[in-house]
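Per-chain numbering from 1; labels A, B, C and D assigned in written order.
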Amino acid sequence: MINVTVWNEHRHEQKNPVVRDVYPEGIHGAIASFLKDDYKVRTATLDEAEHGLTDDVLNETDVLIWWGHIAHDEVSDEVVEKVKKRVWEGMGLIVLHSGHFSKIFKTLMGTSCDLKWREADEKERLWVVDPSHPIVEGVGEYIELDREEMYGEHFDIPAPDQLVFLSWFEGGEVFRSGCTYSRGNGKIFYFRPGHETYPTYHNEEIQRVIKNGVKWAAPTKRSYPVYGNAKPLEEIKPKN
Amino acid sequence: MINVTVWNEHRHEQKNPVVRDVYPEGIHGAIASFLKDDYKVRTATLDEAEHGLTDDVLNETDVLIWWGHIAHDEVSDEVVEKVKKRVWEGMGLIVLHSGHFSKIFKTLMGTSCDLKWREADEKERLWVVDPSHPIVEGVGEYIELDREEMYGEHFDIPAPDQLVFLSWFEGGEVFRSGCTYSRGNGKIFYFRPGHETYPTYHNEEIQRVIKNGVKWAAPTKRSYPVYGNAKPLEEIKPKN
Amino acid sequence: MINVTVWNEHRHEQKNPVVRDVYPEGIHGAIASFLKDDYKVRTATLDEAEHGLTDDVLNETDVLIWWGHIAHDEVSDEVVEKVKKRVWEGMGLIVLHSGHFSKIFKTLMGTSCDLKWREADEKERLWVVDPSHPIVEGVGEYIELDREEMYGEHFDIPAPDQLVFLSWFEGGEVFRSGCTYSRGNGKIFYFRPGHETYPTYHNEEIQRVIKNGVKWAAPTKRSYPVYGNAKPLEEIKPKN
Amino acid sequence: MINVTVWNEHRHEQKNPVVRDVYPEGIHGAIASFLKDDYKVRTATLDEAEHGLTDDVLNETDVLIWWGHIAHDEVSDEVVEKVKKRVWEGMGLIVLHSGHFSKIFKTLMGTSCDLKWREADEKERLWVVDPSHPIVEGVGEYIELDREEMYGEHFDIPAPDQLVFLSWFEGGEVFRSGCTYSRGNGKIFYFRPGHETYPTYHNEEIQRVIKNGVKWAAPTKRSYPVYGNAKPLEEIKPKN
């Protein structure tokens, strides 16, 4: 069974009653609750020791889900470095919404990860552009969210390995809202929706995409590549 | 100097006075006129002998631009085969708008190239998603067209080698509207805008993209790869 | 359970005692035998009616495996067209070795699919270049085959969506030997090894890659996209 | 005219007479000398103030070429940060050989950039796998180097946007030796050859690739995307 750790900054829920009303158990709690039938799930938050991401937790995690927004800078560089190493080793990583600006996403992408945004209760439509991708199993032609924060291009990311969703927003913007990458042995899925004041993670289609994403991002079981000085030529040269 | 051939079906202009008013010299004439300062340009149309694409014309063409819509089936398979071979040899190909359903585009893509469409005088915004690409030189963050035909996802194409533009439409759809591919030695650029009843090819920003596209798609000068039975091992084996 | 159909030209085995000795049950029989513990497997061959690929068989097939070499031209265009449609609908396709020149692969790629080759009992090493890909689950850093036919670059294919294996050959050539593509709803995996005179499909690591490939290529379950004339703007326009 | 800055660590040349004999003007001097007919070229080295990469130099540089090996750690983080910002703004970057482990390449890739290596005077063949790419203009099917250091897979990089060269090595390894990426507005080309003890940068075919690379990597002239809070919906909403 796939081991999932849902990481959440967990600040908005404590400060803003609107957010607390939408996510009384926290965003991490909401996400964990719809994953727990299919996966073994734990949660971790910023204010725990080591942000809840101890070596033991990370080593036992197959897929890490990341939600953060207003406290990216409070995440310790040491933890970010450990998470990065784990992705390189094969741990899957699902970065949600405002996690685009998290230290871990930026360091794995090598770009600014900047974008346009607007909070205006806009309608969003996430169109499937790769119908063959396992992440869209069971998903219709598009997912419609009545109200979301707008994220618009240019989204400063490397060209995705696979582009799965494109978003349309009422105000005239578009966004690459479902993007996959590999880094080392690990698979990464960026998925746009999930502003804290909207009930996006209660939407069953959004839940399905995240469930599919976990399955897709789970590690490929194999030994880690060997790097460094290779065997001398004498030992390995084909005999002619 | 790059040799460009602008191919146009040239049927709407003869049947429909609205189109004739917008493009009195034909769509091919309009495109040729804004390219001719930078490139050596000729035109060719469906009703000419061999559709104007004789061996001599094709062999002298560095970049072929293709606009077709209601008469894709009248294009002879023999000419399509010749154009395909020329692309494989290195000729650039720019496929515009309804050319998505041309025989030449479909045979080079290997997919149905189908899509959603609606004629409703909708606003289109083409957002630049790859700001590093030479095709967007001099282009702003987006190009806005007040009225265009809508093309919507799912657009049934292979994942583009490079995705340059994404379109937003008023009615709720998005579209991968600037896509590049390589096939053999040749480069291909699909560019969405250009419904026959709108003055899209008179728009200076659209003209700039097509000009840039020609430059980008021009052949890379080098000898063609050698295929088939390779030299015997005895002749080429590294001496150890 | 995933339904696999293993298609084989099945000509070499009937003409050449060397091949018959290596594959007494035919190449299709050898492949079917190592897949049957994990999947529901049937076989089909060129000389059966409709090449064994009736509408019923194709409609029940989740993943089709294709081996052909000397009789590509004898495969009927009608069957190729049906297989292509099924791939577009979501059926997975695994093309092996000399299948690079099959009608079905060429029509899905849009390129010549040509390459260099040499029969000289050369050593081949297939290096894993995407360690995160599910197709290499359980595979080491490389797979070594003592003797194989050489296939060398330039391999005239579209840039793969994902490049999984690169081959090294004794005589100085390299080859993109594990390539994935999507076409419509269907996933395609080209895997190079398997010259008919060598016991390549008896190699357990090669078997593992093909098994993994079947799992990876199995259809994503979802409804087929809708194409054509979209709803009128009046019906779908966002209410402002 | 394109402004090129050739940056070199310039340590081997001062310590090792073998290297000094091969590159009496330094590796940077050798590279600058074959570029200066086509481009405006300056050089910069580690031991200069700010490593020769002052704000003025960086701001005037269209394409930066990077060679480093034994002193990656001595490059200041501040300069690396500035170079990264300039790439994001549009400056091209060509990373050569052991530059795979430079701070600037690793931070732009988001991976370890690790690989296998062996110094054994091995023959290398760089096969062209994308014949349509402008970087291979005028280059034959492959470039052969009689003696080079071996670099072998797995090369821990993100999947290249475009894979241009694949290397074959005598001892049984392969390597993705010509890879392109975009990061923000900037284009990046990693090109493998150039171990300091071999006369690789005196090879005319290698020189041609680097010349082509500079032309390809030169900035696309356009205004930088705007990020952050977008215009309010009231101002930009399509009037319905």
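Rule of thumb we're sticking to: contacts are C-beta pairs under 8 Å (C-beta built on N, C-alpha and C of every residue); 3 or more make two chains touch, one makes a residue touch a chain.
These figures come from a predicted structure and were not determined experimentally.
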| item | value |
| --- | --- |
| Greatest separation from chain D - chain, by CA centre | C |
| Between the pairs A-B and A-D, the one where more C-beta pairs touch | A-D |
| Same-site or different-site touching of chain C by its copy chain D, using the half cut | same |
| Interchain centroid distance [CA atoms averaged], chain A/chain D, Å | 30 |
| Chain centre separation (chain A, chain B; CA means) in Å | 36 |
| Where chain B touches two or more other chains, by residue | 128, 130-131, 141, 152, 154, 159, 161-162, 170, 172-173, 182-184, 225-226, 237-238, 240 |
| Touching residues (chain side chain A, partner chain D) in the complex | 88, 107-112, 114-118, 120, 122, 150, 152, 154, 156, 158-159, 161, 170-173, 181-184, 225-233, 236-238 |
| Residues of chain B that touch chain A when the two form their complex | 125, 127-131, 141, 152-155, 159, 162-163, 166-169, 172-174, 176, 237-238, 240 |
| Chain B - residues contacting chain D, complex | 90, 123, 128, 130-134, 136-141, 161-162, 170, 182-187, 220-226, 238, 240 |
